[in-house]
Amino acid sequence: MQFSAEAPSHSTAHRQTETVQPGDDICGHYRALRQQSEVFCAPLHTDDFNLQAMPETSPPKWHLAHTTWFFETFVLKPFCPHYQVYNTYFESLFNSYYTGVGTAAFPRAQRGLLSRPTTTEVFQYRSAIDQQILALLRHDHPQREQILQRITLGLQHEQQHQELLLTDIKYGFSINPMTPIYCNRNDRTAVRGFPLRSTAKLNWTEFNEGMCDIGAAASGGFYFDNEAPRHRVFLHSYALANRLISNGEYLAFIEDDGYQRPELWLADGWQQAQQHKWQAPLYWRRQGHAWQLFTLHGEVPLNLSEPVCHVSYYEADAFARWSGVRLPTELEWENAAASQPVEGRFVDDGILHPRAACGEKQFLQQLYGDVWEWTASAYAPYPGYEAPAGAIGEYNGKFMCNQMVLRGGSCASARSHLRASYRNFFYPGDRWQFAGIRLARSLH
Amino acid sequence: MQFSAEAPSHSTAHRQTETVQPGDDICGHYRALRQQSEVFCAPLHTDDFNLQAMPETSPPKWHLAHTTWFFETFVLKPFCPHYQVYNTYFESLFNSYYTGVGTAAFPRAQRGLLSRPTTTEVFQYRSAIDQQILALLRHDHPQREQILQRITLGLQHEQQHQELLLTDIKYGFSINPMTPIYCNRNDRTAVRGFPLRSTAKLNWTEFNEGMCDIGAAASGGFYFDNEAPRHRVFLHSYALANRLISNGEYLAFIEDDGYQRPELWLADGWQQAQQHKWQAPLYWRRQGHAWQLFTLHGEVPLNLSEPVCHVSYYEADAFARWSGVRLPTELEWENAAASQPVEGRFVDDGILHPRAACGEKQFLQQLYGDVWEWTASAYAPYPGYEAPAGAIGEYNGKFMCNQMVLRGGSCASARSHLRASYRNFFYPGDRWQFAGIRLARSLH
Amino acid sequence: MQFSAEAPSHSTAHRQTETVQPGDDICGHYRALRQQSEVFCAPLHTDDFNLQAMPETSPPKWHLAHTTWFFETFVLKPFCPHYQVYNTYFESLFNSYYTGVGTAAFPRAQRGLLSRPTTTEVFQYRSAIDQQILALLRHDHPQREQILQRITLGLQHEQQHQELLLTDIKYGFSINPMTPIYCNRNDRTAVRGFPLRSTAKLNWTEFNEGMCDIGAAASGGFYFDNEAPRHRVFLHSYALANRLISNGEYLAFIEDDGYQRPELWLADGWQQAQQHKWQAPLYWRRQGHAWQLFTLHGEVPLNLSEPVCHVSYYEADAFARWSGVRLPTELEWENAAASQPVEGRFVDDGILHPRAACGEKQFLQQLYGDVWEWTASAYAPYPGYEAPAGAIGEYNGKFMCNQMVLRGGSCASARSHLRASYRNFFYPGDRWQFAGIRLARSLH
Amino acid sequence: MQFSAEAPSHSTAHRQTETVQPGDDICGHYRALRQQSEVFCAPLHTDDFNLQAMPETSPPKWHLAHTTWFFETFVLKPFCPHYQVYNTYFESLFNSYYTGVGTAAFPRAQRGLLSRPTTTEVFQYRSAIDQQILALLRHDHPQREQILQRITLGLQHEQQHQELLLTDIKYGFSINPMTPIYCNRNDRTAVRGFPLRSTAKLNWTEFNEGMCDIGAAASGGFYFDNEAPRHRVFLHSYALANRLISNGEYLAFIEDDGYQRPELWLADGWQQAQQHKWQAPLYWRRQGHAWQLFTLHGEVPLNLSEPVCHVSYYEADAFARWSGVRLPTELEWENAAASQPVEGRFVDDGILHPRAACGEKQFLQQLYGDVWEWTASAYAPYPGYEAPAGAIGEYNGKFMCNQMVLRGGSCASARSHLRASYRNFFYPGDRWQFAGIRLARSLH
């Protein structure tokens, strides 16, 4: 991703640029990935760093500090004897929700009120912790294996916050009447605006009933605890749509009074839709008879062939019911995706916006990237799931209630962060993530 | 159940007593079950009929009217040509949540403000609709089969509301400082208070992994749409506790600071526990060093050997985590229960309170009756589930989000209403139902 | 007031009718006034006795009990040695807000949830306390003078609650879609509906500047502490409208977009009007192009010549601003009213609805009765005000903040309860009292 | 006031320093006063400029922009033909509450979410508007007199926001666990901490009853519309305490269970105190057995001889009742203050904190400065009050309900902004202003 040259002084003033070289060791990976968080902040002004437009989002400054806190708390404190805490206030201020670390977390909804420490001080905090982490990594240590595991977890954690950083900024900018632009599109399509392509035909890919293995294989590289243990399930025959649902298809739902017909909705969804007066996905803005879309590139005309995005689970479910079919379960999704390469449009591509499906591909496409796909599965532990011991065990397990699983990753996810077994989860009413719709149907 | 002789005038003044005889036809069943709702109201004073102590509960008068509305709306209106609506206001006032019936439902949280129609008028409404239903049943009708199906559904629906009537009254009385008594215990144990028995030993019953069939069999009598279709699942090996968790066991959790240790709780559960200052199950009342329990029989000393009751899913889950095991899934529960007879303590027994497990039984007991058992399963459609067409399809399907499945029935459920495939569902924070805990663990 | 003959059993079953005879002593006054509260409840069904449609209102049953509690607490307890409390629960349940009586008041917003004690039990409570009060009054007592003062205060208090009983019932019925009727109009005008008279011409009565005396004279019979001490004030010259503002005049304000023009409103009033979507006075209901009015007699066509009623202070103030004038201060009102007889339409007349001004009267009319008149005066202590010692001192003094003074009484006030110095007070947003508008203007 | 030299770049980068010279004309006054707002922001970091810790406060950036918007809206737009609006978004974003200016104000509670325009852009806005205002002032204009009036109003308005800027920053910093320091005390007393002096003896100054003139005299320089018209009132004899109530005296109230005794409180105050768990004035922090005080200089030990500060009207009133006396009316205050010079400790002194009374002075002291004094007077129009025509008339008049008048000014007010007739007003529950207590008592 290329950002404008006028990056504010924070990210450059307090640390030298790190370049990731091929063949880099763990230190290089660490530096590169940590720096990426700051690169994502480059288009921001200092004023933006404290912006928290709703309790579910966090200010950019907080994301930068919290990810650093994670390394300090789960690497430096346990593995560096005589480690001196950087700032005792930070132990609480930048704790997200861990109850097992000794200090209560600062209230989430008030993160945007933390004008201090300043953004500059947070960048200094990042720099100081990074130096100590890198020093730790450069030397022998009797627990090096565990340290590397924690480092890996911390980097995966940082990737998650990088995506949240983008979606939180997007939401924060969206409520500003001045329509701030996070970054201008610099590819050719952007110059001409989003092209209006006819939507690719929707096909169904069928899967036979049978036993299948679900979850991360212990041998296959990093995975989160919630992806384990790998286990057998029986699936009935089903079919998946070969691509995501487009804005044009969703517009047909709207124009067929989809938001006015309670019979299409889950009861809780209908209530939420009425309460918040939902009439379209988040970021759709009616302008006379046309629709505009708020994006990280500013407001643009709605492109009907792009995947619909920023819908809640309730809207995805209502759309599926209106379509006469349903959403896939996470098991059906993973069974289909397991055989596919992790290809698609990711944050690495720097577009930060989902793009239209390819008309020529008959088979499954857009499984990874573009938008997360709401599944019909409530977020729950797999059979035999065990949360890790200690505070680190709070990472995933304690959220296994009231949330729905999303699969596949989005245009704001890092390619290296995703895999078939990856389980994302949000509340069914959440709309500020890049989340969209893939349909499924039962064949039995 | 035997109630005191001083039943208020409503239930006797406006309808003659119906006695159910062996070999009774559908009319007899209809009359008997409908009358049962009024029998449950016999201990109430007119003042109690409008009591709605929280939005989730409904006033007794409303239950009586709504169940009648159900028959009027789904039997008389569609199947009686030229049917004249009893009272056009009732179409909205006593509609619970059906959006497909033409009139918007009166706001749920304000049902207790409907001082009119009066209780007497609601009893008259019941009587008038009953007469027309019975007339319809006594004559030939080209759609008799469908009518009988709807009558059956209406009676099942009424049984559900009979249980809610009891739990709603219990909650409504509980907030009154005067501790009203719904009915005195008239069995011998009651005279001497709840006996303190030592809790029966807890054993584990094991189940091997394998495929099993879940859901109601099409051939097996009435079932709700959410129990279908019957389908195959693969279960890993597991074990179920042979009985319910007792008050004594739950007290150990409390005394081990269970309500003060966030690491034992789901995040949403912890938040709710803090917000509402939960320190024990609903209806437990500390009195100095002892605990009292509010029941439908008034306040009694806590009996440690009785099943713990009126806990939320969050508390059940936290207790299981503290115990080092977990709650069963609804599939595991049904697999175990399918082979067991529907035996236990039900509303038919007239005790209206769960009772201690039997010490001699090694194998599964208390599966049915006493208290509903929270399962670890989010309420979701079975593979291939289809909601019925029309407004009747709103009965179950639209609630399949954010709620957890409970299994087995309670001391406030009718024996004839229950079966292995029966799925009850409530929000994880709900506590006013007779809901308790059975533990499970994985064996793989 | 004449009510229908079918009074429910409560008020007749448990006490014999008392007839007030000329020359009656204090016992007769006590009995008659206490009985009046029950007469006001005669048209109610038992279902209505627990109705509390918003926190600001109280259920009829609670009014009946609280006024009784007042006599028990402030007469029987302090003046009857060895008095046995009737029911210890009632000490808290029916305490409105007195903090100095030893028991905390039951939460106001939950009064409607007190299904027990039953209505019958509350009537028994009234009867039992009345007997003891009457016994106390019939015998000598060393503190007889103080007792008589307390009895008088208790009866004044009961008259206030009689008015609230009517306004609370009116509000409670208004939210019921079935439009319950409290009582049918039985006078001739009612038979023909409210006649549409042309509104009487509005004149101004002028008052010269100068010193005047404000507040109750110590020699003039009962008054509340907040009416004292009588004191001197200087008033600038002013004029008062000779009659109340009519519905027709208020309709002109509505039709001139009064509810859409923030420049006419106090800032807090505008906010409240927006929040609650006020478009007309409470109880006005648009029906096509016409307006209907909800009254204690049911819904009737709006009579344009009747005084506008059920407006908040904010609406009264906005109307006055729109009219180019202002509301009177309470001092200006009292100065004008002090010389006028307490004449008008009161609850004694049994109409329970304000009536049109008389066209022939040029001078001040409708000062008393019909509707309370919002003044521009915040409720505050008079210079030298002292609240009585003890709990009785909480009666008025602690409410002297955030409320506005109303003067004159309404069609729901007892004639014997009113006088020129009487100060009523409500929050500026309250609309459920019979409150209307008299205009004033400055002459200097 | 002297601030540290490290002022952030905003205020210096975009405008040259203006120095006020003796004999300066209106341009000099304008420049100096406008610059003062930026000087008050000098100790802030950019992160602080968006801080809005509760809806009642505004971010510093917003104050800077809104005061500029005031000049643009009420001077440049009406008096400069062909004026081009600086930024059409700003017309709404920085409108506080004026409904008559054509654009709806951005929601007050969300001002802290306006990360754009950036702080730098707001300083540019200030500079651009200032240039045009100064240009307007330097040239002849047919409406010069009106322009000068508006300029004066705008500067008075800016002084009000300068005080709010300080109190809002104080509140915003107070919720930060890191206890940010706005500025260090640089006088000698500060070096040694606040000295603990014995509190000066409290005397009473008496005033005889009689007529007096209240309100601003038309001939006496600038005043707000709410100070007019000057009018006669009759005052009963009264006495005023010669100084403010000290922390030590207030501590005695706390230690006498002042916060636990409802009989001392107004009903609304008691409710608010319970809801927010008030146990002491805002910014008092218990530390073991001692009290610390949060100030703009950081946290310091509570100085018992300083005036108590940051109390609500409810607390001031409860303290007065506990003391057996009362608060003064605004009329009593003004009558006493009218003869006194405007002397005291103001923002001009740069202390930003109230200071102890002087022990030697028997007569009235601390009337001006130190802390605003809550009066017992609800904010209401004076007899004959007329709001100016147009949007400018919204400045004061529409707030004349539900608020209480404060008199005298504080250590955060400018000396040149104050006078005997000045009426400040806040809601009785507001605590974040420098507001304290002067007692009064009636002598008749």
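As written, the chain order gives the labels A, B, C and D, with residue 1 at the start of each chain.
By our rule, contacts are C-beta pairs under 8 Å (C-beta built on N, C-alpha and C of every residue); 3 or more make two chains touch, one makes a residue touch a chain.
Remember, predicted model here, so these are calculated numbers, not experimental data.
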**Item:** Chain at maximum distance from subunit A, centres defined as averaged CA atoms
**Value:** C
**Message:** Averaging over Cα atoms per chain, report the distance between subunit C and subunit D in Å.
**Reply:** 40
**Fill in**
In whole angstrom, the CA-centroid distance of subunit A from subunit D equals 46
**Asked** Where the CA atoms of subunit A average out and where those of subunit C average out, how many Å apart are those spots?
**Response** 60
**Request:** Going through subunit D residue by residue, note those that touch at least 2 other chains and give them in order.
**Result:** none
**Message:** Using the definition of touching given at the top, classify the network of chains in this structure as line, ring, star, complete or other.
**Reply:** ring
**Asked** For subunit C, which residues count as touching subunit B in their complex?
**Response** 45-53, 61, 89, 92-93, 106, 110, 112-120, 172-173, 175-178, 180
**Prompt:** In the complex of these two chains, what residues of subunit D are touching subunit C?
**Reply:** 97, 99-100, 211, 231-234, 236, 262-263, 265-270, 313-314, 317, 326, 376-378, 380-381, 383-384, 393-394, 398-402, 428, 442, 444
